[in-house]
Amino acid sequence: MKPWILSAPLGLLLLAGCGAGEKAAEAPKEPRQLNIYIWTNYLPQDVLADFEKRTGIKTRVDTYDSNETILAKLQSGVADYDIAVPSDYMLKALISENLVRELDRSRLQGFENLDPRFLNQKFDPENRHSIPYVWGTAGIGYDTTKVAAPIDSWGALFDPRYKGRILMLDDAREAFGTVLKLQGKSLNETDPAVLRQVAEVLKKQKALVRTYNSSDFANLLTAGDVDVAHGWNGEMAEAVASSKGKLAYVVPKEGGTLWIDSVVLPTSGRNTDAAYEFLRFVLEPEIAARIVNGIHYAGANRAALPKIDEAIRNDPAIYPPQEVLDRCELLEDLGPTTELIDELWTEIKAAS
Amino acid sequence: MRRRGTWLLLLPTWLVLGMFFLVPLVLTLVLSLRQRGVYGGVAPIPDLGAYVTSGSFLGNYARSFAGIYAGIGWRSLWMAVLTTALTLAIGYPVAYALALRAPRRWKDLLLGLVVVPFWTSFLIRTYAWMFLLRTEGLVNRLLLGTGAVDRPLEILYTELAVMIGLVYGELPFMILPLYASLEKLDRTLLEAAADLGAGRVSSFWRVTVPLTAPGIAAGIVLVFIPSLGQFVVSDLLGGARSMLLGNLIQNQFAVARNQPFGAALAFELMAAVLLLLLAYAFYMKRKGEEVLL
Amino acid sequence: MPLSVEIRRVTKRFSDVAAVNEVSLDIRRGELFALLGPSGCGKTTLLRMVGGLETPSAGTIHIEGIDVTEVPPHLRPAHMVFQQYALFPHLTVADNVAFGLRYKNGGRAGWSTKVKEALDLVRLAGMEKRLPHQLSGGQRQRVALARALVLEPKVLLLDEPLAALDPQLREEVQVELKHLQRTLGISFLFVTHDREEALGMSDRVAVMRHGRVEQVGTPAEIFERPATRFTAEFLGATSFFTAEVASLVDGVATLRLPAGLDLQVPRPDASLRPGDRIDFVVRPEKLRVRVERPAEAEMAVVPVTVEESIYQGMGTTWIVRGPAGERFVAWEQNAASVLDEPSALRPGGAAFLCWHPRHTVVLGGGGDA
């Protein structure tokens, strides 16, 4: 799926919907509305239906497949999302750009259910703006029948043996991360010289890459269009689980990305009350567990853990052991370097 | 009094043109002359005078002519030319058969079949091509099954796939204007040509083609322009190296957050399209034909 | 006389309908030959078969002695002037005329001379650079003529050559076409539904009906001696009579009309036998309507009632009813002004319809209309 295309008509609906929202303020009898902007495959349909049923709030869900898109969309000023779910480094940027609201902790029940490991991170030190939603890793999914030996290094993505069978995430930070980790550097490197040199490596790598894709990577691997795919663990875990051992997912030995996606309230949203209802809803352990069971990404809700399917809870691809987490690193907002990375990424994508 | 009346009558036209055409155009132009902010948006201009005199306002345009982007421009142009040529090569015989050879009672049905794809979203139809072309897709299974190939063809995520998608998507826009002009063609002219000694081939080139030139021109314009700005097909069917100008522009707005650069590229694309349209209008005027677009 | 076109038992069927049905015709060299008939009679289809634009379902066509039945149009020494001229709108007059030259033997060298000659022939010199839409109807026709004639055909085929022209131009073009045909000495085969055109232009006429040839003859022959009721009617005769052959003596037949009147007709049809029931026709301009019974003994006379008179300036048409209510039409030239000599006939009044017996035309079979 390429959700930006699908989101165009949805966006129009949203615009139409915001007119209706204003009317609702005058005539409270009309159904309340909640506009959610979220990653693809991040909210199971039945959970959403239950929320609507319980609260009587109409929801509209719009999806994206890159953090950069959230920023672009919220910056444009035309979107009026009440809920968004950015990743760590982008959350920092959204906060510094004043695009998200400070949360009123008194309106949130169940905050104590959250796993402290994912609280008070650099990107939002006191969790004044965000509630961790799900977390995970970025690594490599691959077809065990098409590779000589089990993959354990980012080097596989640069291995000429897999020419034309490699998929890269269509995501600047993740793509840069693969090279930086291979070179033993931090994901959050800001030295322009290093970044330019990384970009050159990525440009050369293009000859091996079949396609860049952030929304459908696991499906492409399952369908046999690629053999080695850079991707996030949730969809990969789901694909691995249903592949009867044909596929595997690994966080390379050089270390990978640890990411935490958090729920925030964009300042442009108009339905704050409904948004708080949504926050309280997803903080419920029961609901949090159903979300994890539905999307195969690890949840940040500690109280939900016992309610999560055993197969998922024990899947190392979803809940990696501590030694894997130890070699992972959180992406951080790079401030002014963002511009350089955007520019280099454009050049990489444009190169032939 | 009369003048004012005319003005009032034209007012809605001006309003619509202004709101939906002129204002966005001016906004795009202004945007293209600025520079991006760190996280996107536009950077403030501290000293307008210096900004103008230093030539910074043309920075985005200058950047767009750098090798890598110019390369994308050329590739987009080449793809659009190829798409146009292929749709013409495929569309002309189809339109010819429809207009001049098909039995009258089949005509409406056949013409309907040309239009039927429009009932489904272009996006969905392009997705369908993904399922046809992928490594373990229908086409490959068919080829492998019949023994035509011994290993699957890698079509999806290549420029070939983009080409297939473009030609497929644009074909009706070529066939329809060609059909319209072939339908109008006075068949006694073909008889006259035959009577004067022209064989089928000669009569085709000397009579049919020149007389359907307005349809050919309309088809070329209708196919070439959207192909030049195309980004859906290349995004879905194209691979790592199939980026087109449309994708680059879309990318600047959606992901790279360099709206001014995106605006500059969009403006250049518009200028190219406008030039083409002017050439078309000039050509049609000279032919004494009505400008259809 | 050598034949230009020989059409032998030619049939053309479109699905199940025979548009042309077993037609045989000979067109002589240097003849101006008209195919006359109402629309749908098959005349255009026959012309197109001669031109090669249609292939006969059966039968053969020879041009200048060569069987061309299966020969494609451009290899026949016959070229066509289409009804709407079918000039190529994107080509200049000169290019239109030169269109067919490249398919002829002989190099490019002679083209411009030939084009010039052809345009001179049709008096279009100086128009070379014009486009068809810049020409008048008459000029366009002349371009079409030049375009066909430049190829030096042995037969020129013309489909309704005057139909697309303004009425006032037609007479002039008729004369011009005749003149052109005489000058070139080739045969012209043309199709028309207009009897004046057929009579005025052609050396011989074939009248066609329902895909068959009804009668072939000179204009005067088909006009004065129509063989069938259809031909007679198509050429404007409307007064038909039935009679019985009372006797045949010395080449004079006595015909007895139902009203008991006898009339003596010279040079009767050889096939007539006493006792036969026959139809005959008298052309309107041969009929007279008189208040008094005419004195001349040999005149055929039928008592009638005047129904209507139509004053047409040059003449007057009289519509009268016979003894059994039959409708007859007479046309009389107004040789004298009706103001000086007003007619004594009044609608509703009794009168006598009379004609000279030699104008009696006995009709043959096929007159079933």
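Chains here go by letter, A, B and C, matching the order in which they are written, and residues are numbered from 1 within each.
The working rule: a residue touches a chain if its C-beta (ideal position, glycine included) is under 8 Å from a C-beta of that chain, and two chains touch if they have at least 3 such contacts.
Model, not experiment: these values are computed from the prediction.
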Identifier of the chain whose CA centre is least distant from the whole-structure CA centre: B
Contact-richer chain pair (by C-beta pairs counted) among A-B and B-C: A-B
Between subunit A and subunit C, centroid-to-centroid distance (C-alpha), Å: 90
Whole-Å gap between the CA centroids of subunit A and subunit B: 35
Subunit B and subunit C: spacing of chain centres that average the CA atoms, whole Å: 58
Residues on subunit B engaged by subunit A in the complex (per definition of touch): 36, 38-41, 68-69, 71-72, 75, 123, 134-136, 154, 156-157, 232, 235-236, 238-241, 243, 247-248, 250-258
Subunit B to subunit C touching residues, read off their complex: 186, 188-189, 191-199, 202, 206-207, 210-211, 213
Residue numbers on subunit A that touch subunit B, as the complex places them: 2, 4-6, 66, 68-69, 71-72, 75, 93, 96-97, 164, 168, 172, 206, 209-212, 223-225, 335-336, 338-339, 342-343, 345-347, 349-352
Complex contact set, residues of subunit C against subunit B: 51-53, 72-74, 79-80, 82-84, 86-90, 99-100, 102-104, 147-148, 151
